[in-house]
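The structures considered in this document are given below.
Okay, so chain A shows up in both of these, paired with chain B first and chain C after.
The block that comes next holds the complex of A and B.
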């Protein structure tokens, strides 16, 4: 019997009340992260990845947001606990790194002050101790001359340096889980590689579980242990990164991999657009854009997840008992051979 | 350029501005006919003397026969050494008359300024935090009311209610009361309240709208993710950036009110402050005193703007001192 996962998310549902009706951004999503493991949530923009991760520690603004389901972290349900208890966990046991380092720091305070703040709100430390720890981390995340940069304001740092500082801020409480939401998206390519390498090293050093959100499958290949493919607020497929990359089962995963030239795809997009989150299609969310959709795909909600390989599960009717998944094309291994067959969706 | 050099440069510029103002004042004064010289000429004519000779004598007596640049140098020296001349209407030096007025003006100006500066931003940020709730609407209503109603009119109404009908406050300001006493606080409460409502509206609105932007900023999400409590997040991460744009509004508002509304409020409540001194000098056509109070107000404005610029750079670290 293995120990329970570090983070266990079940039936996570996040809705937003808008003037145009209730918008369901995340719809009954399950996933888990083990200690020291990296799990990547992938999917195109608007698929609910960010909202899902921000719902874990209830960073989502409530109202208009509403988060339901259970999020067990070290056995405690984060969604059921009072705010002040959850606040103890935020930034201490669970830390976040966000997408846009340019906007994620307050322009009125020095970088060091903001890093030290994360420590000060959780521990009773002296100014000197907080400064020493923050400087130490700035140094650790690769900022040269850290003790001098402590007193710099965010606008005096480059984008890459800012993201390094944000990572230092996240690590200051020695978290058990790091949630990184597209931390490299706003950075240029050379810096991206450095930040990824840094995160990889830090994960080993700090022994953290990492939940990594990205739409960049090239990044996933580098860092992930397991991957969760999301589309329109639902999980389409999940599994070990090698299994999913070598044997993508869901048509959406296959299309997604086709989009990445580095993985052997043709770099083309997926025709059609995401469904309206206020009025999602019945049946499989991807059916309107799927070349292999049939009547069974359009009713009875998102199909149940079916094991296709140990640890790899897919939500697609074609894998049900008695069905032949080869209609989806032979296991493409990311070759992107049949992308021409994709028809445009329902619009 | 470092901060120190910026402050020095900005201060020198403020000094230059004050000199320009002094110069313009002098030129206007030199170009205008001097009523005392005309009076001397009229007197001479009435008594059968030579009006031209009498005018000449009057001019000599006041040094007006000197060349313009000598008179200018004297005038500037006088302004900067606080030798502002004799206030005929009050039979005392102008500076003394102004100092006496300031003594009373400060008694209500210091409280209303402190109250406005403390309460305005707090209520504004609170309003933003509860945007579109009844609390926000109530604060907004109060802000617009104070902003819209003329101070002197509001003062008269309150004086009527509390002074005449309820007889809770004296109708005429009593200068015999000690500065730090309950009676003085009671008689100043209404003017202070009137000025606070007049000044706080704009400050509340600016704080509310600016902080509304910052409370939705990404760095607030960062703060929340760090485990910062909502109260601390508002105090540090919303209030602080809000103070940057607010500092400009704040100084402008306070100066406008100090220079403008104070006079009306002093007249309504009968406070013998600096506004009242100016008003009486205007009625009595006491040129030196009018000039003195005008210069005093102008210098307050120059110093206020100087402080505003310095505070602005201290509050917003992104402002560069270069090219200024």
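The block that comes next holds the complex of A and C.
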């Protein structure tokens, strides 16, 4: 690839000072997002995926938090940037959409006012222009009768409409990067389908990069170009969506996919819980829950990432030179991930 | 009878009065649950699925009389009360809605509930052992040591350890708390557990664990289960039979495999197609439901789903593309509500290129409602164009009248009856009218 990625995160580490010691939520994570690309960060709750995305624009409160590493956005390091410069970018070139639309809106202002405000903060526009742009965006995200809904308060909208309005607010500055943190988790499946389709259309139209955080592998399969699998603050595996679904390499990714009955998994779950982020295990973070852990997994930190396929890398000792990854069991390719097993009723 | 259902719900209704003004006059009624019927057999799991606001949770709380049902019958044959038959008057001695306080207390020993949010269903100042043992004490087991022995045993059976007895809820993760909730539900050895979205707040990996635990415990204790969820994939994993609820009514019920393989109600079809398939090669969504669930205070006439249905029937004499038909009906409803803002459409069109002609605006309107630029039926086309012209001329009322006179659907006029498709698989959709195997009232079988 000749052109540098839109967003390039290197060695991102976010720690929090707590009474019980220093808690490392994100521990040296690298990933990148290209223009027009959707990258999904996947993992259980507590794996650090939300903190990682919030660290990008330093939404993490400092102190007690501390963000280290480099985050290059269009070549500029966001973490080394003075606050006022970052504020110009945040909400304009980089926009966030959060999980819970109820909590992300101010109840005391109308929806349209809040969207228009997001524009006024970043651009020198008149009230009328801001209103026109906000109305246009409400219309674009599929809110019927936008000019009348402009004056509605958040409580007058349904959950799905609120999330649409949040997306409108995020799009107001024509962002180059949209960071969406579980934007559909609180919604019904039917509404979720509407929102995912909307994001897809908007992405095609605006050509923005999307960094999407979710724990729902069904959603991932639908929207992702590339996947980053996180566990306990570390990246376990990364790769193209087809590669990771067809040939999951890391035992954690395999167990995660096994939790989805539609993929032919046993649906047995993953025994055990996430390690304490104040005292993470010495070797691979997943070793205490991994059925294939051996002494080498328990020392020397998280294993280096090893290429298993072009673009797909895994952090697991079993893939080192001279090792035989087949001890992890059959490559579960074809165990249901082939496209002939379709679950929806009507195709 | 050995195959007597444990729970048998008939025409259950829960209506909430809506009051207004200083005299608290009743101005309307919200039909949260509007005549639902189902049976749950011994050891069986019935999944109740639907979007938020469809009345699933109200149904649950009306069944156990946490809220008083407005009408209907809930016959509970557990607690060793089986084999009873109806009184000459037609009422059933096991009808929960007629239970006295003493009977109700006994009933609540046989039925237990589990709720969605495990953290808010425990007292933070009570040890988990105390919380799990409390129902035992309430129901008269005064021997403290025996209570402790029972609870410790149960904690181990749900995958925790006996030492957890003296720990407090905050020391446990969400999944572990849900295990404790399961232990508490099991402590009185109930015949039926009603679980209201018990895994919705949990991670997939934990979800899978809890679901298999529920499976194991169900087999071990011979439990019947009413499992409420909005998540079709969870329902599929756990249920023997599925009931699909929409706006206070059950629109389809049947064996899990049958409903998932061959959904007969368009709503079920739409719900199934909304589940994101964990297959990166399949494309996004099939059937897109427009809008949201209508308000239960004023449910649509006829079939309640007709305002969103992608298979809404065309009347005799009209035969256009189904997607155009849906679009025309959406357009009609929006015009009738006065919710089309011609000015804003005009403004938006103006942004594109110069002063827009009426034709441009008409095209924009059609595009907004996914209606083709020209409909293949000339009569329909001319009526639609006429309505658009009236709308653009500022005659909204005229447009609304024309549309509502010209475009009607039998779905709005007739409430569909139950059609039996296969053993135990029924749905309520007018499209099945011709299949004449109609289940008039399955209360008698």
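In the analysis below, the second predicted complex is superposed on the first by the 332 of 347 C-alpha atoms of A that agree within 3 Å, B and C clash if a C-alpha of one lies under 4 Å from a C-alpha of the other, contacts with A are read in each partner's own complex, and residues count from 1 in each chain.
Quick note on the criterion: a residue touches a chain if its C-beta (ideal position, glycine included) is under 8 Å from a C-beta of that chain, and two chains touch if they have at least 3 such contacts.
No experiment lies behind these values; they were computed from the predicted model shown.
Chemist: Should the pairing of chain B and chain C on chain A count as a clash or a fit in the superposition?
Modeler: Here chain B and chain C can both sit on chain A without a clash.
Chemist: Of the two partner chains, chain B (first) and chain C (second), which one does A:155 touch, if any: first, second, both, or neither?
Modeler: first
Chemist: After superposition on the shared chain, which partner residues are touched by A:22: those of chain B (first), chain C (second), both, or neither?
Modeler: neither
Chemist: With both complexes overlaid on chain A, does A:92 touch chain B (first), chain C (second), both or neither?
Modeler: In the superposition, A:92 contacts chain B only.
Chemist: If we overlay the two complexes on their shared chain A, which of chain B and chain C does A:59 touch? Say first, second, both or neither.
Modeler: first
Chemist: Touching A:299 in the superposition: chain B (first), chain C (second), both, neither?
Modeler: Neither chain B nor chain C is touched by A:299.
Chemist: Please work out whether A:103 is in contact with chain B alone, chain C alone, both, or neither, and reply first, second, both or neither.
Modeler: Touch partner of A:103: chain B, not chain C.
Chemist: Once both structures sit on top of one another, what is the angle chain B-chain A-chain C taken between CA centres, to the nearest 10 degrees?
Modeler: Nearest-10 rounding gives 70 degrees.
Chemist: I want to verify the contact counts: of chain B and chain C, which reaches more residues of chain A?
Modeler: The larger set of chain A residues in touch belongs to C.
Chemist: In whole Å, what is the nearest CA distance you get between chain B and chain C after the fit?
Modeler: 5
Chemist: Taking the stated contact definition, name every residue in chain A that is touched by chain B in one complex and by chain C in the other, in rising order.
Modeler: none
Chemist: Where on chain A is chain B touching in the complex?
Modeler: Residue positions touching the partner: 54, 57, 59, 84, 87-92, 95-96, 98, 100, 103-110, 114, 117-118, 121-122, 153, 155, 166, 169, 173.
Chemist: Inside the complex, what are the residues of chain B that reach chain A?
Modeler: Contacts found on chain B: 217-219, 221-229, 232, 236-237, 240-241, 244, 315-318.
Chemist: Help me check something: in the complex, which residues belonging to chain C touch chain A?
Modeler: Residues in contact with chain A: 51-52, 173, 175, 203-212, 230-233, 236-237, 260-263, 268-282, 284-289, 292, 334, 339-341, 343-344, 347-348.
Chemist: Would you pull the chain A residues touching chain C in the complex into a rising list?
Modeler: 44-45, 132, 135-136, 139, 144-148, 158-161, 188-194, 196-197, 200, 215-224, 241-242, 245, 255-257, 259-263, 267-271, 273, 337, 339, 341-347
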